[in-house]
Every structure is written in C-alpha cells, then in structure tokens.
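Before anything else, here is the set of structures, which you'll find just below.
Presented sequentially are two complexes of chain A, the first with chain B as partner and the second with chain C.
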Partner chain A sequence: MLKHIFRSFFTLIFAALVGSVVVFVLLRQLGGDVVTAMLGKEAAPIDVSYLREELGLNQPLIVQYLNWLGDIARGDLGTSYAMKLDVFTEMMRRLGPTAMLTIGGLIVSVPLSLILGTYSAINAKKIRSGFVDVFTTVGIAVPTFWVGLLFALLFGVRLGWLPTGGYIPFTEDPLQSIRSVILPVAALSLGVTSVFTRYVRTAMLDVMNEDFMRSAMARGRTRRGAAIIHGVRNASIPLVTVAALQFGQLIAGAVVVENVFVLPGIGRLIVISTLGREVVVVQSLAMVLMLIILILNFLVDIAYGFLDPRIRDKESVDV
Partner chain B sequence: MLQLRDVRVVIDGHEIIRIDELDLAPGSRLGLVGESGSGKTMTAKAIAGLLPDESKVSGSVIFEGQDLLTLNDREMSKVRGKRIGFVFQDPARSLNPMMRIGKQVSEAIRIHSDLKGDAVTAKVIDLLHQVQLPEPETLLRRYPHQLSGGQQQRVMIAAAIAADPDLLIADEPTTALDVTVQEEILRLLISLSEERKMSLMFVSHDLGVIRFVCDRVAVIYGGNIVESGRIEDVVAHPMHRYTAALLAANPGMPKDDNFSAFIGKRLQTITGSVPAVGKFPSGCRFRNRCLSATDACSTMPSPITTGNDHRYLCWNPGDRGQS
Partner chain C sequence: MKAIQIARKSGRRRGFAFAIVAALAVAACGSSDDASETVEDSTTEETTAPSEEAKSTTLIVTLAQEPASWDYYTVGANALRVPTFYNVSESIVELRPDGTIVPMLAESWEMSADGLVYTFKIRSGVKFHDGTDMDSADVVYSMKINAKSPNSKLSAPHAYVASVTAPDASTVVITLKQPSSTYLKNLGMSAGYVVPENWLDSPDLTLKVMGTGPFVFSDYKADTTLTLTRFEDYWGAKPYFEVIDFRFIDDETAALNGLLAGEYDVVSKVLAEGIERVESFTTDSKFKVQFESANENSFMWLSVKEKAFKDIRVRQAIAHAINREEALAVYDNYADVACLLVIPDAEPYNSDYCPYPYDPEKSKALLKEAGYENLEIDFPFVTVASHPFTMEVLTQQLTAVGIKVNSRGLDLNTWIAETWTGGVYGMGEVRDSADILQWGCKGGRNPLGNPKPGLCIKEFEDQLAKADAFINYDEHLKAMNTLVKTFADLAWVNSIAAVKVPQIMKANVTGIPTVSINNAFDLRTATWGN
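This part shows the complex of A and B:
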C-alpha cells in the first residue's frame, strides 16, 4: 500500500512538471511573441521594451521558466497587465461559483450515473435499457453551451422558475445561492453524466459475467440484488479510474457554463483574460487548474488502493 | 426429489441439452459424468435457472413437487440457496474478491432466514467448523485471496449449505484443486450429505471421482443422458457404447475405497473428440465416434430399462467396450 502511494505521488510530481513545461512553452514560445500578442502589432516601441523587461523576457528561457515555477510555488500567480490585478487574489475571489459548479456536478452526476448505468446493465437485453441509451447518446452529442442556453431560455426565461444568471455567494444566502446554480449544474451534469453512465454500464456488464455473481444468485440473490450488492462494489474499481478523468471534463464544463450563465467564476476569468490577451493570467490559471486535476487524480488513485483488498494486502507485503 | 422430464435447452438455434429423463432420489448421491463440453454445466444451470439470457428452455424440472421451469427469477431466488445449494468449479473466481468471507458465507442466511446479528455470526462460525476450517472467528474477517484454493472451496461449500438446503449441486468442485486437497473435499461432501441427509448431485468428467462419491450415476453426452443406474451396475455392465468407452479410457477402476487408485486416470482417448455445438450427428449423438454404430443409430435410440433402474439409450448395447 505504501509503495502504491509512493508511486502515485511520484506520478503526480512528474506529471505536474511535464504539464508545466507544456503550459509554459506552448503559450510563450509557440504562440508567437508574447508582447505582440498582448499589446498588438501597432504598439509603441517604448511600451514593448518596458513590458519585455517587466515579464523578464530578456532572460534565457530556462531562467524564465524556473522563475515562473518558483513564483507559482510561492502562490504568486502574477499580475494582470490591463487591470493590474493580482491573479491569485482574483482567483480566490472567484473560487466560489466554480467550486459550487464542480462539486454540484459531482454530487449530481456520480449517483445518477451509477443508478442509470446499473439499471441499464441489469436490463441489458430488455427494451427499457434503450431509454438510457437514448438519453446518454443525446447527452454526449449536444454541446454543453447549447444545453446551458436551452435551460436558461426554457426554465429561466419562459417558465421563470429559476434565475438565468448571476450568482449569490453561499455564505450570504445559502438557499438563493443554490437556486442560482441549479440550472448551470444541470447543464454541466448532462454531458458528464451521460459519459459516466456509459462507463458504469460497461463496467457492470463485465462484472455481471463474473463467476462470483453467479455464486451470489446461487445463494438466493435475484439478478438485481446481486448487481447492487456484489456488482457495484466490484465495478467501482475500474470506475474510480475513469471518475478521475471526469474531473477534468467537469472543470472544462464549468468554464463553459459560467460563461453561459454569467457566473463570476474562474472560467469567466479565463475567457475574459483570453480575450484580453492576458498571457500571464491564462498561463497561471491553466497551471492551477491542471494542478487541481492532478491532485484529485492522486487522491482517487490512493482511494483505489484502499478500495481493493487485494491491492491493500499485496503492496504492504512488498514494502 | 428431483425429476427432469424432456428438458430441452436451445441456444442460437442449437439444441445444447435434451434430457428425456433424469431422476434423483432423496438422500442419494447422483454423479453426472461426461467429457468436457458434453453439457454437464448447462444441465446444472438449467436446474438452477441460471442459463444465459438467450437460452430457450422447455420441459419440466420437478423439485419436491414443484416445476422450477415455471418460476420467474424472483420466485427461483427463493429456491436457490434455501432449498438447493450450489458449488462451482473455480473457487477463486466464485468468491467475491471485495467481500469478507463471513459476509459471503452468511449471505444465504441473511436472505432466507430471520436470523440477525450475533445469531448469524454464530451460525457462520458453526458452518466454518462443519467444513473443517481452522480458526473460524478470524477467518470470517478475511478476504478470499488470503485463503488457499482448498480453503476457498470449503468456504464455498459452507456458503452453499448455509441455509440448510435439501439438495446440493456441485459442479466439478475439485477439478481446480490438487489431488490431496481433492480427496479431503470429496470426503467432506460425502460426510456433509450423510450427516445432513442432504442429496447430492455431483458433476465431474472423472468417473473415478464419481465412483468415490456417488451411489448412482448418469452419463451425459451431447446433452443427452445416454445411460444411468447404480454406480456398481454401470461400471460392471456398461450398456451404452459411450459409457463403455469412458470406462475403457479409465482402466484401473478398483473396488476398494482407496482414493488415489480411483483418480488421476483421466479420460484418455476416446476415438475422435466432442463435436462443437450444432455439429453432433442426428440420432445417437455418439454415432460418429462409435465403433459399434450401425444404420439404426441414425435414429434416436429408445430407452431400455433393466433391473435396479439401469437405463440406457443404445441400439447395440454391450459391456465389452469397443474392442
């Protein structure tokens, strides 16, 4: 088990380093000259050289990279050029809506996927499971921004049930706060739920063929009982791995949905910064989001070890 | 107690099982023997109601006066585990790797009885004692992978008899185990069936093992029960040519109780091999491999019954093997 944790941790560090190089090099070097990108082609030479100096662009690339990494490690994500905003402060200020969206998305999509996927697997040979297939196919096919727009128009504008935009902090008014994210969370969850339902269904179908499922039925479990009591537990092992991948999807979806519903979150900040050519801001935000996803992956990986008694045992003997 | 009549299982248009008659008397131990692919597991699954979804079943499986084939999954689940217990071939794969031993042994008790809490634990410990596993109190907290193959199969047996079934169906329960462990498990099954007055349907490809455990035997080939009777009668006077061939391929069949003399002499060579599904000849399924086949054999033989319910379906019966 210890070995398992060490290995996961090593993977985390290595992936973070590789990722940081990609983020840094792609945006700074391959995207053309940063200063031209930020100031436009007609900028005054004095502004250009001033910005070059400020961003440290006159130093060797490796020094730039190491400085950047050191800054991020210290929590210094840089300052935006136009508004002179500290990116870290700005990000923390905008954490609320994004956190509510992703956590809400998890709370909705994970149980729903488990129920739908299991239901579909148990009834695999029956017409009923076709409804689930139709739902997931549509859910995967339609883009998140379109769903967001549809929900906003239908439930917000037409029916007037829920707010279509704006955000009330949870600490201010929990009830209104939750109301304000219901539609965005629903829009966000549709795609993620659909994809994850497919994974659950496949994992459950595999498990249903296992000998121990037959044993459970031979002891008096119905097909459904065996699926719920023995199947879900075993299917969770492959599922935990894909669940980690879904975090990335969820965060990407949150970026889209924040813009559709005008929620003042990190996703909104990313889009505003991208439009404003704020290379420093975009770079830092990309790095932070990547780190969050990697850390979640790491935690999931450890959870995976605790889940499976075979892994739990095996590795403790090895170390 | 168990009677199969005209049981047919069809999958993808192929008739996998066609059993005209198979009986198991209360308290008796019936062996079901045949080469691999002859339909033993399918027969057990047909009785259990655990056939693949795409199978079509007809006929009747009468258990204690009730036709199991008329029951749905929910009704059948009240029979499985409670009135009929099952043990399967590969104990390592038949146990849920994520669930503690105690939970799996107690499963049938929790499903079929009102016992709760400590009463269930007490019963599980007693069951683990009965299958002669050491230190039941610590064992029930362990996971399957922490046990040896023989211990796993004992756990499977404990789980199968947990709700005190009247009949235990064991499908090649020792095939995956090594010889010394095999003998222990077989002796355990015999003593459990005697102590609990529990009937046993014992499935194996090994006539020697069946001879060791059972008092009656049914020989299956191509999904047909081609011969059945008391084990001594069938071994001494095989009538169907397939039975004779099985015995000829299994020459050393001594009469004493010495286990090691019975086993290890696997079915060696019967001319040819078991055809694939749908490739069996019409009439007697064994016709293309039988050295005594005649024109008559292209139609299904009619059953003949002699003394002691020795029953066989063969146009040219004989007990001198194929020579």
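This part shows the complex of A and C:
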C-alpha cells in the first residue's frame, strides 16, 4: 500500500512539472508580451526594449522558467508585471466568487442528480424516465453561456428578482452575496447535474440487479423503498469519484459563467491575465489549479487502494 | 398505515412548497428597488424614477476596458484616460470641445512673437489629492518626465521643447526649438499632465492616478470597480456626484442587461456586439442614447514592402473597391463616411474631398492595366470589437473586384506584435485617433514609418514638416487641409468611416459631454435631470 502511495505521489509531482512546462511553453508561443499590452501600439522600439529589460523578459527562457519554479518551490506565486499585484493576494481575493460557484454547483448538482438519477432508474421502463433523459440531454447539449444569458434576461431584466451580474462578498452582506450567485450557480449546475444524473442512473440500474436488493425486496421492501434505502448509498460511491474528477470541468465552466455574470473570480483572472500576457500570473494560477486537480486525483487513487483490495493485491504481485 | 403514508406525502409536499417559498423569498427579499421601479416605470415613470434617483449622489458607470496598470507614465491605452482624465488628473490648459483652449492649472499664458517661448502663470491654491500644494516646480517636473515617457501621447508633443524652467513658484517658461501650432493644444491633453514632484518614484504609481481633478482616485479592485470620490479641496466648481462607481464589464451584453435591470446608470461606450441593441434603447423612454462625436477613424492601409502596392494604380484600384456607405453597416450606421484622415472629424480643415469614390469597374480596369488581375493580399485582423465585421465587409468588397483576400484573425497583443510592430501583413485595418502629423516616414506609424526603413515620399514629408510650424493659425489650417488631401491621394492609407460611439444611460442623467477630449469620460458636470 505504501508503495502505491509513493507511486501516486511521484506521478503527481511529475505531472505537475510536465504541466508547468507545457503552460510555460504555450504562453511563450502567443504573440506579444506584457510590454505590448502596457505600452500599446504606438510605443517606440527602444522603449519596448528598455521595459522588457527592466521586467526581466529579455532573459533566456530557461532562466525565466527556473526562476519562477524556484519561487513556486518557496511558496511565492510571484507578482504581476504591470500592476505589481501579489499573485497570492489577488488569488485569495478572487477565491470567494469561484469557491461559491464551484462549491455551490456541487451542492446543487450532487443531491439533485441523486434524486433525478434514482427516479429515472426506478422508472427505467416508464415514460416518466424519458422526461429525465430529455432534461439531461438538454442540460448537456445547451452551452453554459447561453443558459447564463437566458437566466440573466429572465430573472434579472424581465422579472427583476436577481442581479444580472456582479458579486458582493459574503462578509459584506451575506444575503446579497447569496443572491448574486444564485443565477451563476444555476447556470453552472445545469450541465453538471445532467452529467451526474446519467452516472447515477447507470450506477443505480447496476445496483438494482444486485443480490442484496433482491433480498431487501424479498423481506418486504418495495422496489422504490429498497432503491432509496439501500441503492442510493451504493450508487453514490462512483458519484463521489466522478465529482472529484469533474472538478476540472467545473472550473472550466466557472470561467465561462464568471464572464457572463461579471464575477471577479479566478477564471476571469486567468482569462484577463492571458489576454494581457501576464505570464507569471497565468503560470502560477495554472500551477495551483493543476495541483488541486492532481491532489484530488491522488486522493481518489489512494482511496481506491483502500476500497478495492485488488489494487493492493496487484501492487504486491508487482513486488 | 395508509393515513401515515398520506401524512408523509403531505409532509413532503409541504416541505417542497416550503423550499420553493424560501427560494423565492431569498430572490425577492433583496430584490432591488431599482428592479421594482423598472416594473412601475411603465405607469409612474415621471414621478417615481427621477425623484428616487435625484436623491442619489452616486453614479454607477460601466467601462468596457481596464488598463494593464494605472501607471500613466508608461501605459498608452485609452482605458487609463477614459475614467481618469479631467476627473482625476488635469493638464496645464484645457482643450474645450469647440477647439478653444482655456485656462486649467495655468490661469493664463503668453506666447512670444516668434512663437518659441510660452510663459505660463500657474494657478495658486491648487492641491493634489495627497494634500500637497501644486506649484511651478511640479509643472516643470511633470513636463520634463512627460518628454521622456515611453508613452508617445505624453512625449511626442515635447519633441521640439528646448527647455522648461520655473523663474518663481507661480511661473513656468517653456522654450521651443521651432514654432508649433499644435503644442498648446497638446498641453490640453496627455502631454500636459501635471503630477506631484517625484511621483514616478512612488510605490503607488502603478496602483492609482494622482492629480488635482475634482475626483479622488479612492479605491480600485482589479476586474471589479474603480471608485472616485469628490475632492472637497478642489480648486474649481465641485461636481454634483460625491461618488463615481466605475464597474469594469467587458461583456456588452451583460452591461446592457444591467442597465435595463436598473443596476447601472450609464454604459459609457458601446463598441462591439451591443451596437445591434442601441436602436431598442433609442425607442425606450426610460433611457437616453447619445453619440460621442467621432474621435476615431476606421481605416485600412497597405504594406510598403509589397511589390504590387508600389504601383499606384493597384493602390487606387483597392481604394476604388471600397464601398464606404456599405461599410457603415458595421457600426449600424452610427458613423459617417470619411475619405480624409481627419481626427476628430470636426477639425476645421476637414472637407468632402474624396479622390477615389466607390467604382468597382474602374477598380477592375486599374488592376488589369497594372497587370495584377490575380492579386492576393494577406489580411491579419483583430478579433475583438468591430474589426471582424469590418474584415468581412472589406473582404467581400475586394473579392468582388477579383482580389483574393487571405484574412486571419489575431488577438490584440499578437496583432500588435506581429502586424503593427512586426510588419507581417499585406493589408491592415484599425480604428485609431492619431492625427495626421504622426504619419510621416519618421513618425513610426504604419505603413510609411514602420517597419523600418519605411517610405519617405518627398511631397508629403515636405508638407508634413511645414504644417505644424506656423505661428498664424489660419495658415496652419490651410497647410493641414493640403496635407490630408495629399495623404488621401497617395492611397497607402484609405480612411473608411468617422465612428461615433453610442453612450447609453438612464433618461434623467445629464451633463455628460458628447465630445471626448483625450478619450476622457468627463463627469465634472454630470447630474440628474428632471
């Protein structure tokens, strides 16, 4: 088991390093740099060259990469070139909206998908199941930004119930803060819920054929009762795994939703920094997000080791 | 047993109903007053909305663009000047919308008979937002650093300055190497910025703008808000609004939705996808649409490196292929046809002169005569704002006369690096506010001045050298009129349209000028109307 943990850990570190190189190289392939963004198109070449020198952008790429990696290893995410903002401070400032979006999205999606998936599985051969299928198909097919726009127009402009955009920190005004993220969370959750619902439905259909379910029904439980009491718990195990692995998708969805609803989150910071060629900000944020996703994968990997004895046994055989 | 099941069912339904009521309560609970007004406005529009808003001394304005930094010395982007010029920072003199120059931080000035020496009397009792007094030493410091700035809007007008001195605390003397008709006018824009001595060494340089204007740069949250508060020690008339709350919203759809929902008071500029919605606001009595007079021209230009374009017949053919009337559709017709590169279009030396009107047959004939019937052009374009639409129109029009256009979309920074600076293009298109004096082979601008070595055309260069060196203003105007016509005749640069930018606001917002000086969104006189 210990070997399995070490192997997973080294895979994590290696993947993070490879990922950081890929991000670093890709960013350098984009045309222009932060000096272009700062000075604009009228700048004289000598001024451009001087500012590049001042910001250290004329150093060899390998030196720039190692400097940045060294800072990351010391826990310093760096400073933006133009505004001189500390990346860690800026990231923490923007964590609120992104956390509310992603965690809110999970809080809405997981229970809803359990209900819908279970309902659909129990009524698999009935027309009622078809409604859930239609919902999930539409939810997966419809782009998140479009759903966001529709929600903003309907609930914000037409009905005036909720703000069309912007974010109020929870610490400033909890009620208004929740109101400001209801529509973004709803928009983000639609697609995620649909994906999760399909996982739950499939898992639930498998569970329904298990011996313990037949035993429960033989002891007098109704099919629905057995499904809710014994089935949901078993079917939700793969959902937890999927939810952890889907975190990256959730972050990607958050980038879109943050733009539609003008939420100053981490997703927008990545987009704005990429457009402004703030390479240190993008590299550091990408590294942090990669590490979060890789750590989640690592934990899932470890959990699998504990949960599934076959993995432990395979490790032993390999030795 | 059945009774228990019914009770459970009923309990579940109650729970579900409770959940819905709770959700609606959260939604409705904080539902803004503005939103309620939106609903009521249709019946009580004249009484409710203005009286509520008249109480407010905060104006919420959306901005489409945010600068990379607030370092005015380095950053050349319009996004820095839009919220801060005139509101936060001020210049030595003020350039009025009608073109006149009036006192600002200098209360008076004199020009010597030979046009070489300007003596400014600096206004007393002016304070910077940090509480320090402004005097001639600050002005001298500012003019000297402005002249060295990498931001050409600050430095270029100081090219002919020989010296800047301060004989006493309230006098500044600027001596030029040669007369310049436009020098004083430029001091009413970025070149005339005045900051406290040693501001360049301040750790706040990148984080805020420091000045003497009627609003203080109070709080900035990146990608969220910029808050300006009224400066109570301002030397001039104090503005009505105590707080200007600028919101950075680059998505025009979101900004216009927020305006409709009553969350914002003003959408400062509509530049891209929002153009199509402007019409709907003009017919809604709750809103007002006004057009910022043309401060930018949309134009296309040709690379001096391309062999085909060295033949003037090919350039003329391309100029004749452009249907400017049709191109106005890009701006939903919120623009005027412009054959001359005159910015702003209200300049007195502008005219209707158009050497190459739309004539596709003549265009084809010229291409045939020059032997370029199968001409191909590389056309990199910027993928934001109106540029993709302009690209489509130009491509269609050039294709119609037999020219093959290879268009390729680039994001703004890549476009600046590869096309504008790197010179990798056959043809380019942009919207810009640079005046004609910057277009010579030494001016550093495409196509004649960049990429090096550029192209010096004697007739144009001679006119360019003389146009600014008149002491007599009428002679200067006459020379400028000739200059812009010559430039149009050359057909290296073809002006397409003078673009008016829509500003949309609540109907009772007044006092926002429609002429923008130095791209400023000037809120000094903004207030609530009736």
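The rule is short, and it goes like this: the second predicted complex is superposed on the first by the 224 of 319 C-alpha atoms of A that agree within 3 Å, B and C clash if a C-alpha of one lies under 4 Å from a C-alpha of the other, contacts with A are read in each partner's own complex, and residues count from 1 in each chain.
Here is the rule we go by: a residue touches a chain if its C-beta (ideal position, glycine included) is under 8 Å from a C-beta of that chain, and two chains touch if they have at least 3 such contacts.
Keep in mind it's a predicted model, so treat the numbers as computed, not measured.
Trainee: So, A:R74: does it touch chain B (first), chain C (second), both, or neither?
Mentor: Neither chain B nor chain C is touched by A:R74.
Trainee: So, does A:R219 touch the first partner chain B, the second partner chain C, both, or neither?
Mentor: In the superposed model, A:R219 contacts chain B only, not chain C.
Trainee: First (chain B), second (chain C), both or neither: which does A:I178 touch?
Mentor: In the superposition, A:I178 touches chain C alone.
Trainee: Identify the partner contact of A:F155: answer first if only chain B is touched, second if only chain C is, both if each is, neither if none is.
Mentor: second
Trainee: With the two complexes superposed on chain A, say which partner A:E42 touches: chain B (first), chain C (second), both, or neither.
Mentor: second
Trainee: Quick check for you: in the superposed arrangement, does A:R268 touch first (chain B), second (chain C), both or neither?
Mentor: Touch status of A:R268: second partner only.
Trainee: Looking at the overlay, what does A:H230 touch: chain B (first), chain C (second), both, or neither?
Mentor: Only chain B is touched by A:H230; chain C is not.
Trainee: Quick one: chain B or chain C, who's touching more of chain A?
Mentor: In the superposed model, C touches more residues of chain A.
Trainee: Mind sorting out which residues of chain A both chain B and chain C touch, each in its own complex?
Mentor: none
Trainee: Please output the residues of chain A touching chain B within their complex, sorted ascending.
Mentor: 125, 210-212, 214-223, 225, 230, 233-234, 237, 307-310, 313
Trainee: Along chain C, where are the residues that touch chain A in the complex?
Mentor: 24, 26-32, 34-36, 38-39, 66, 68-71, 74-77, 150-153, 206-207, 221-224, 247, 249, 251, 253-254, 257-258, 260-263, 410-418, 420-421, 434, 444-445
Trainee: What residues of chain A sit close enough to touch chain C in their complex?
Mentor: Residues 30-34, 36-45, 47-48, 50-51, 82-85, 90, 93-94, 149, 152-153, 155-157, 160-167, 175-176, 178-179, 182, 259-262, 264, 268-269, 272, 275-278 of chain A touch chain C in their complex.
Trainee: Residue numbers of chain B touching chain A in their complex, please.
Mentor: Contacts found on chain B: 48, 50, 53-54, 73-74, 77-78, 80-82, 85-86, 88, 90, 93-99, 104, 107-108, 111-112, 143, 145-146, 156, 159-160, 162-163.
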